[in-house]
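What follows is a set of structures to go through.
In the two complexes below, subunit A is the common chain; its partner is subunit B in one and subunit C in the other.
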Partner chain A sequence: MSNAASTTDAAPKRDWVTHAVLLLGVVVFALPIWIVLMGSTHDSATIGRGEVPLLPGPHALENYATAWSGTRDRIGAQSMMLNSMVMALAIALGKIAITIVSAFAVVFFRFPGRQLAFWAIFITLMLPVEVRIFPTFKVISDLGMVNTMGGLIIPVIASATATLLFRQFFMTIPDEFVEAAKIDGAGPMRFFWDVVVPLSRTNMAALFVILFVYGWNQYLWPLLVATDAEVETVVIGMVKMIGSEANTEWNLVMATCVLALLPPVAVVMLMQRWFVRGLTETEK
Partner chain B sequence: MATLTLSGIRKAFGATQVLHGVDLEVADGEMIVIVGASGCGKSTLLRIVAGLETATEGRVLIGGRDVTALEPADRDIAMVFQNYALYPHMTVRENMAYGLKIRRLPRAEIDKRVAEAAGLLGIEALLDRRPRQLSGGQRQRVAMGRAIVREPKLFLFDEPLSNLDAKLRVQMRAEIRRLQRRLGVTSLFVTHDQTEAMTLGDRLVVMHEGHAAQVATPMEIFERPADTYVAGFIGSPAMNFLEGTLTGGGSAVALKAGAVIAFADGRRPGPDGMPLTIGIRPEHLVPDEHGLPVALDLVEPLGSETVLHGRLGDGEALAIRLAGRAPSGDRLRVALPAAALHIFAGEAGQRLDPPPA
Partner chain C sequence: MSCCGTSSARTGPERARGVERKVVFRQRWLPYALLAPQLLITIVFFFWPAAQAVWFAFLRQDAFGIRTTFVGFENFTDLFADPLYLEVVRNTAVFCTGVTILSLGVALLLAALADQQIRAATAYRTLLIWPYAIAPAVAAVLWIFLFHPQIGLIGRALNAAGIAWDYKLNGNQAMLLVILASAWKQVSYNFIFFLAGLQSIPKSVLEAAAIDGARPMRRFWTIIFPLLSPTTFFLIVVNLVYAFFDTFGVIDALTKGGPAKATETLIYRAYVDGRVNLDLGSSSAQSVVLMIIVMMLTMVQFRYVERRVHY
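Right, the complex of A and B next:
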């Protein structure tokens, strides 16, 4: 009785507070994006005067066209985004391929040094790119891979986190599946393709989303290793466009920024269903 | 179809000896049930036959062929697991066909075998479902089907009924038995459930602490248990054990509880005064006004019968199973018919029989 009374009394008020907090959150997250979106529709003079337009302007088409195809002294978003796309896809897919195989080895095989291998992978968690950036750069430059796609991708293509994620998932696969497969006559790789990979589908999809966004947003490493316009990614391109405060064409920076947002957003939206399933459901 | 021979199977996990030399001969088409309490090594033994574990010592022969060093896949066996181990991402049909596909059987042959097995098990309608859409009993059938399509020399069952509810278990038990008879495939069935063991097996292997305590037909094990462990394990309620000593030149037992009973079937070897353990099943005790007095402390009416629990004069516990209703009162006198006694050596617990004439 008291329960019913309290819900009818308190509910509208609580709902109101909840909504206010949620709205505040939306504003905090959405306002910068809105400003960028609006800024990309004005000419460079408007923003140059220090105005922060909150309503659309008349220059959207020309800004986006210029940002997309580039100017005389700057390459456009189209080639930078192609670079970004190649890099993000290679990082995401490469990481999944490498980590699922290493986790498979660590979980399902008994070999000398198995624990050592696992701990070696685990310890690299403590050494992110930022920590080992100089030695890594030295190695890549000695190999002559500066300003190549390989140089952009290979140093970040293995992932301890993803290996651990797959390892944890593989450990929940019952031993009986392994034994049933043995009796069915499936060898290790057959078991991998026919049982482990299909069972990992949702995990792979969730990881793909995370890793694609991670790859797309790579900043520090490409900044060092991609100095040539040939391999410039869109994130680095924007940094270079900002250059000096005086002659920055903010309208183009903002248009490029909006373009750069689109692929990660598209990936998250398209894979959302899989992403959520990968994080919540275990198919067993 | 084939025979199975185990000779001197020993297994140690590190310093822990799990199997202490098990020998077994299984005839073609026979259903052998390996039964024992948990930790007795029964599952390990089955897994050694399957090839999922390697024996520390000993040999496994299937159909006369030494398979000790072969991989499970090369032993021509099929196994039904406790949790069925159906691949969750495959349909029932794919689950059943998987082993055949790997063996590269022609498509038509696979389809034929799957259809036959499905018909045999009554699961034709489920072939395109996934395991998670099935009930426990249906999964059990699919797991059986996966074993059947392989047409193996040997079926191995690892407690396959233990995840089912009681009613379904009884039903599946009968079904497995009928199917095994019909297919005539040599089978090993591991269980901890004595009812399953008694009803399913042509012969039972009662395992105790890594030894095969007795290998015999269910009725032989019930009527002539080889030692006190087997005697106490098979039968419900469990057999009563009373202390006594050999007397009368080996012709009788003097019970600690105070009676002297002459053996019905002849003298036992040994000196008078040798300690004995006398076993008698609760259903073989008969109320008798000249019998031993029992102070009853618990009465369990089960409808068609009643189980009484009480103590003899010297404090030894005794269970009595009587047909029909319980007699009134908290005292009862019971006689121990000489023909129903099981005589075991006092310390070792081995069965003592009269020496053959």
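Right, the complex of A and C next:
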């Protein structure tokens, strides 16, 4: 990556305009977050009057405390955050575990029905939960899994994308590795744990970021399956708080909103390197 | 694979495509055991419900949900004869086109600028990347605080300036707002791909053009943009899929499809008909329509996606 291109048109004025537009972009993207962050430190009346504070106010602690532990008529973000965390982690880790072994089977073995199995997995790419909502809901209710964590997690835990990514990566593992393992008398599972899993670490990290965000941000499926306060996720709970406009406590909505976006944003920012690599390599 | 020297120069996926491993393990039951969890979930929660959706699309329940009759394609013909459904198709077209053009345009502009500032490009990426992590429904709530007519920063300013702004009453304003909120969330994803695509264009090509005296804008449209076209094409498909399916949360949190169904999209209508109106036949027929759309989009994506990896 040489910087020759930038030096050839190094007119300082152009540089300045470029930075100005980019910073404007950064501000446009940060503004909504800033407003919510600042709003969450004011009292309900200030926001209700429409003053739209752009500077911090004195009510941060009490707002977050109330939003976290809840009030008499509404459960707090505490349990909703826990539900979201369990759901996001289970979806991310579950998907990785399930897809890495199925990709391993498809790539490193020959057996009758191998192509069929691969195509069956591949086709699920074309069946996102949104197009089969009600029949899937019926299956879940027939299995008695409505309003359970299992009902929230299991139906979305298969992933064609992740299987395809692992398969693609496994194809690049040299044959010599497999031969060496065979000569050493190592069985397939030994090979899996000692060679495949360590080599896949970067892919797993990248997938974890993408799938954690996907899991945490689920909306339509939890809306249907998790109607009990006990299994409610924070994204759903936060939107429900807006329900009746007239007496919405906007300051608490804002505080809950900040809490709801914090974990996925933190994961993306902290694992940015793997995330960018994972995104551009997964081909969605 | 090690036999052919030329193939090693290709990219990983290119080399792997269609090629089988030569050395494999021979076990009778193990591969099936390894595949079992994913296949089981796929069959129970994907194939079985999808098959049911197709089957229900040909049935009709009476008002009490007691008797079910086979009605052939009647659910589909009813659907496409319904002016309200056609209105929803139109909304979806406007919405998807708006989101795709807006999010791709803004992302391309920002990525092209960030690419010129090579030292700062990574910093800008960090500053623009995080909206990707925000849930569509949360993005919608953030935009409420910008555009709410009474408590939103811009919404109030618009009203103060004499523009009657209320997205809860005006259908066009509501559509504009759901497009803005949905596009806002998707820009960072597109930005990552455009920046990666731009950074992989050989700088020598651009230098040659610069020496030939091509102005920056001309260089962009005649050299950079054509070289980016595989990325752009891939992103168009991804953005359309996003606009179709993943924006349910935006619409549900912002407008609930209103006012007067002005922001009802295909997926929102399928949800309302199944959940609220309990019209399983029609909702299933709509699911089948959606399945056909997603299948077409996936096929287009896989037909052309391989070109993308060259850049």
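Heads up, the rule we're going with is that the second predicted complex is superposed on the first by the 258 of 284 C-alpha atoms of A that agree within 3 Å, B and C clash if a C-alpha of one lies under 4 Å from a C-alpha of the other, contacts with A are read in each partner's own complex, and residues count from 1 in each chain.
Here is the rule we use: a contact is a pair of C-beta atoms (placed from the backbone, for glycine too) under 8 Å apart; a residue touches a chain by one contact, two chains touch by 3 or more.
Note that this is a predicted model, so its numbers are computed, not measured.
S.K.: On subunit A, do subunit B and subunit C fit together or clash when superposed?
M.R.: They fit side by side.
S.K.: If you stack the two complexes on chain A, which partner ends up touching A:N247: first (subunit B), second (subunit C), both, or neither?
M.R.: In the superposed model, A:N247 contacts neither subunit B nor subunit C.
S.K.: Given the superposition on chain A, which partner contacts more residues in subunit A: subunit B or subunit C?
M.R.: Touching more residues of subunit A than the other partner does is C.
S.K.: Look at A:R132 in the shared chain and tell me whether it touches subunit B only, subunit C only, both, or neither; answer first, second, both or neither.
M.R.: second
S.K.: Is A:V195 contacted by the first partner subunit B, the second partner subunit C, both or neither?
M.R.: A:V195 sits against subunit B, while subunit C stays out of touch.
S.K.: A:P174 in the overlay: touching subunit B, subunit C, both, or neither? Say first, second, both or neither.
M.R.: Once the two structures are laid over each other on A, A:P174 reaches both partners.
S.K.: Figure out whether A:D184 sits in contact with subunit B (first) or subunit C (second), or with both, or with neither.
M.R.: It touches subunit B, and subunit C stays clear.
S.K.: Between subunit B and subunit C, whom does A:L220 touch in the aligned arrangement: first, second, both, or neither?
M.R.: Touch status of A:L220: second partner only.
S.K.: Angle at subunit A, subunit B to subunit C, CA centres, as a multiple of 10°?
M.R.: Approximately 90 degrees at the subunit A centre.
S.K.: Looking at subunit B versus subunit C in the superposed three-chain picture, what is their shortest Cα distance in Å?
M.R.: The answer is 7 Å, the least C-alpha separation in the overlay.
S.K.: Would you tell me the residues on subunit A in contact with subunit B in one complex that are also in contact with subunit C in the other?
M.R.: Shared contact residues on subunit A: 174, 176, 179, 182, 283-284.
S.K.: Which residues, counting only subunit B, touch subunit A once they are in their complex?
M.R.: Touch residues, subunit B against subunit A: 50-52, 71-74, 77-79, 81-85, 87-89, 98-99, 102-103.
S.K.: Please output the residues of subunit A touching subunit C within their complex, sorted ascending.
M.R.: Of all residues in subunit A, those touching subunit C are 1-6, 8-9, 14-15, 18-19, 21-22, 25-26, 29-33, 35-36, 39, 47-48, 50, 52, 98-99, 101-102, 104-111, 114, 117, 120-121, 124-128, 130-136, 138-139, 154-155, 157-158, 163, 168-169, 171-172, 174-176, 178-179, 182, 187-189, 191, 213, 216-217, 219-220, 223-224, 235-236, 238-239, 242, 250, 253-254, 257, 260-261, 264-265, 267-269, 272, 275-276, 279-280, 283-284.
S.K.: Note which residues of subunit A are touching subunit B in the complex, please.
M.R.: My answer: residues 174, 176-177, 179-180, 182-186, 190, 194-195, 198-199, 283-284.
S.K.: Quick check on the complex: what are the subunit C residues that touch subunit A?
M.R.: Answer in residue numbers: 1-2, 12-13, 15-16, 19, 21-28, 30-32, 34-35, 37-39, 41-50, 52-53, 56, 106, 109-110, 113-114, 116-120, 124-146, 150-153, 156, 184, 187-189, 192-193, 196, 199, 203-204, 206-207, 210-211, 216, 234, 238, 245, 248-249, 252-253, 267, 270-271, 274-275, 280, 283-284, 287, 290-291, 294-295, 298, 301, 305, 308-309.
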